[in-house]
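Here it is: the structure, laid out below.
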């Protein structure tokens, strides 16, 4: 039995609203489940779609008070800020290009923001947003949800404790296959906006999944990037953004790495995988089987660590809900981000309040770095894979 | 992308209460998360512990209204039945011996029951409870949660569609290792009541996990048991109930099977596994990796079907929340039971209302059969593994 | 790098002959490769088929001197015994019913015997053969080849060293699918004799593969059987011998076990698997992936030991040829039996010569026990799975 | 049952000699087993070590006629060419720098050559050797043994038949961990020569294992390289040759790929892995588990093809020895190269004789390309990973 995440709160849930996430969306529903799982949040307002008809229908479908179903995020920010029972936080789950203006509106209205990745469609926006977060002092959580899987936390803890020695090599990959054919041409909503530079920004696979792989590599290894060399392709004829990215990494201090992100690799549903190797050992984690972490101390037998099992330490236990052998999944990992957000938001209620030291979540700075990663990949690829700093 | 379970309801959550599940419990918290996940239930009352002090503290910890934190299930059933905003359903998550009297109290008070397994501590009680459910017409859901994993539903659908041909062989196993040593002697709460015949009933491993394996085998194969031969052991000195069960099965119609349930098998955290073989093909499902189902059509390559992937049909899609490659886990499977319960309870609001045909959950009859399985195992083992009918 | 099996000999290969193994046979070719692999044996004579035409053609095909291609084992035993360059050993790879008379002929001619399993078609013959081996003092090696895989030797060594503590549970299974349909009806040679009681003996799957599973369980665990309870079926209409066997085991000293052997389980090519659990740990080995051994010391992380890897000890190293990560397979395991046979035969050249202590191979006594296992299964099954001693 | 490789020959084995492979060597013993496995070769001569003492002892150990144990390859080539029973072929298994002069000596003496990889220590030598092979018309077989695994042949056949559509992506990796620390400093023979530029050539990991990965990628995909960009490291202080290589590939026609080769990645024993993705499907093969090939036809369930199983075609069956479920390994794959060599050598006995079309083995041209790959990697890495043609 694990001590586990404090999964329920006697102090009343945090009221929050949602921008995006209407009918036909994928990630909005994920956010809502994640927010509900630990009883820490209650959804009370929404601007669920930029299409008023769909916004209304979506609100009804999930039981939102019609009065608090807004036609736009701007309207919602303004109205909720005025209500005595207004939202304390907002989740932004729109296409990338809306992240910046929506986040800006809520931050300026004094509302904490939980925002989907990548942070923004351009690096310029990302930097402005970071400045605004700094200025307003509001909590800003970026949902790089994979960092909140217990065995990812375990991996990071092991690196920090020196169990791998000095890190030499980082191999991250994120292959998928759902864009193997021209799905956007069929009108599929998820594919369409992701292939549209106006909505997505400069990166295709690099932005949608490459940023996850990069963020995860950084999170676990603790290494900082020096420069990268990227070779991007759009294999599907007519596709405007990259669907395959080969990237070589040079970290400060001399470690090296590679990232492969692809959306045209048949056989991979959502194949995020991270491997880190040091002078004393190596680890491997695979998102599709997230309760396991392979660990080989050099010269000793390979170990299969399990979430909440014998080899898992406090960092994993802290974000686990059920005993080992009872698999946790994607939604629990995502919910861990919301649980951390709740801790940060509750702490922020006090003047100069800070969350406890072990509260970890991806910040606006991680978001800036992610967009910089995308833009560096695009720049490098255009210059024949020349090395680029972020 | 999957059509998915309808995960949110615009019609307001179902108010429910909980019996058991206070501090130090495991399964109570699981029920609460499962109930919350789809927004279909709201916990408003509880008799969380038979120890008043612990009941109070537990209620405070999870934010229950102190007024609706009761000292006993009897008091709670009575009080809630009178309230205009009283609970519509109760979740019973106590040691086995309390299931019967608690369920009786709520059913008689006109409250639907969601009850942990095994149904009761004795077969006599189980039969009385079944009669009572019949008489009151209330919804009764037994949380054999493993039947609600999407790929278990998939497996059942494939059997029903004849993709395996005529079933010949069923192999079920459920090894764990947490009772390898005398954990009860340390005072560990979970181990203590499970090893106590007064609280558990006649079965140890047979009752705690053997019933899951048996129920799962029946659920997927659709076969009915003719008789069984069981060889039970309590390997740990001083243990009063079985911790290892070897069972041979004979099904009506000629199929054969085996069940191995053990709590003293080092290396197994929660190793529930089911394999079914017929004249046309075979399948294999492993609880620890629940998003996969191995399927071999005889004479063709082995296939790895994935939840929400290319080979998964409507029965799996109906209870899936996120796309393939985004692993769902134990809590989602458990939540599917609650989602089915919600459908049944909403349907029951109408006179003679019945849930839709595709709503599936383990019933009180499954529970009777489970307790009969346990008692048949114990009887058989005492008679040198003689064949016993249930 | 491993020290490895002494894989080549400067002292000249052992001359041997073969009975059976002509065209259309499977296991004869396996024996020949195994004999060749380490350069310890040279095939110089054969009675490759009871059909003279096929015997001749088979001999030509493998380059045997026509003069030493015999029409019968009797003729071969007689003739080779007289030659100054006659064979020193014979490999018997016929259907089961020929094992006894052929082995008898060669033992009486003073020739060492390497014999395929099961030992004989009946227990009576098996006992006679054991007596004859005793009397003649010749080397007799039974090719329960699975015992010679390095990681099986590793498993046995770990049990002997007490790394699992006191053994409580043994789970062995050997599912295949090649007899799911009535292959014998098509005239397929392998299926035909195996389904014929006159050639196979009393057991079908029990004899062909159940004996392997039983022998392996005994070899690794070191436990002796007290009694068994078996439920056998011939699922394919018209089949005369069992194709599915469910068996419960009681070992002397109180350990318990199960064996499942099946040839009608679609999805299993050759699924031999052994699991052993004790008070201190558990292990799992799967024949299809033979270079791995899972080991869980109770309360510690699960380890994946690899052949010639960090956790493998001397017993495994002794029978390994290549470094870890370079997979060895079925033929290497089989060749290890031949390598042990060579050591025993060379030792036997000296008066009262005995092989070194670490030379291990299945003996005629193992063979007697295997046939006793088959007959006990058949007897038990006929008596409604009553417990039977061997 | 598989039709299988013709595993024995009635026409007498091919006499061969060996250069290198004395005591302390690894790959020499592998070659000898591979040569013996199918009975097609007989070792009759050797220059097993450049150290006369070790050469003599090694020859005695493996039972070589002392008269045909030579002090140098030069002497051996000369002497054997004169003997009426002289060797027809030679296996060269020395450090890389000896490949060229030794191969030259034997080719010029009219003896066929089977040579370990990489072909030579320099590209200049490689080209000279290719010219010499052309001029002499002798058979030259390079032991890129991984190309002879049955499921690698299967993969290649599937690509050729169009089952993957147009190839877009190739991902090859070959991580090991045995050089994580400075093994050469301990005097370990295998590590020492591999880290010595004089004996190895310009490449460390690139030459030792990168060439395997590159050759395998080319063999299966059928693609030709346009250019590469490489970032090499020697992570272990003082090491003179690369121990980690990150390489990006651009193939002619637009496909892209990556190779990662490392000898400092703890947890990997011999982790060669190949993945190929096209417009219609993807495949994955892992050397440590060589009897499996994952295949996903886009939009259909993932299939696990097995050697000699339902989905395996003629190219795999041709080089299989035992039925599916009976794992073949590294030595069988290596032996397949020798079996192909035997076919080529027998064909070459006839004037203008050519082996049958389905006889496939790595040639001297593959060897030239391999050395070109190594030198291009080194050149690229020195120029900040600039793109290089081979």
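Letters A, B, C and D mark the chains in the order given here, with residues in each chain numbered from 1 onward.
In this section, a contact is a pair of C-beta atoms (placed from the backbone, for glycine too) under 8 Å apart; a residue touches a chain by one contact, two chains touch by 3 or more.
Since the model is a prediction, treat every value here as computed from it, not as a measurement.
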Exercise. Hey, which chain ends up farthest from chain A, C-alpha centres compared?
Worked result: C
Seminar exercise, completed: A student comparing A-D to B-D should find more C-beta pairs in contact for A-D
Seminar exercise, completed: Cα centre of chain A to Cα centre of chain D, whole Å, reads 43
Exercise. With chain centres defined as C-alpha means, what is the inter-centre distance between chain A and chain B in Å?
Worked result: 34
For this session: Calculate how many whole Å lie between the centre of chain B and the centre of chain D, each centre taken as the average of the chain's C-alpha atoms.
Result: 55
Exercise. When you check chain C against every other chain, which residues touch at least two of them?
Worked result: 268, 295, 302, 306, 309
Seminar exercise, completed: Listed in rising order, the residues of chain C that touch chain A in the complex are 295, 299-306, 309-311
Problem set entry | Touch list for chain A against partner chain B, complex | 1, 4, 7-12, 26, 29-30, 32-33, 36-39, 60-64, 176, 190, 268-271, 287-291, 306, 309, 321-332
Seminar exercise, completed: The residues of chain B that touch chain C in their complex are 164, 168-169, 171, 177, 180-181, 229, 231, 233, 235, 244, 246, 248, 250, 254, 256-258, 260, 262, 264-268, 275, 277-284, 294-298, 302, 384-385, 387
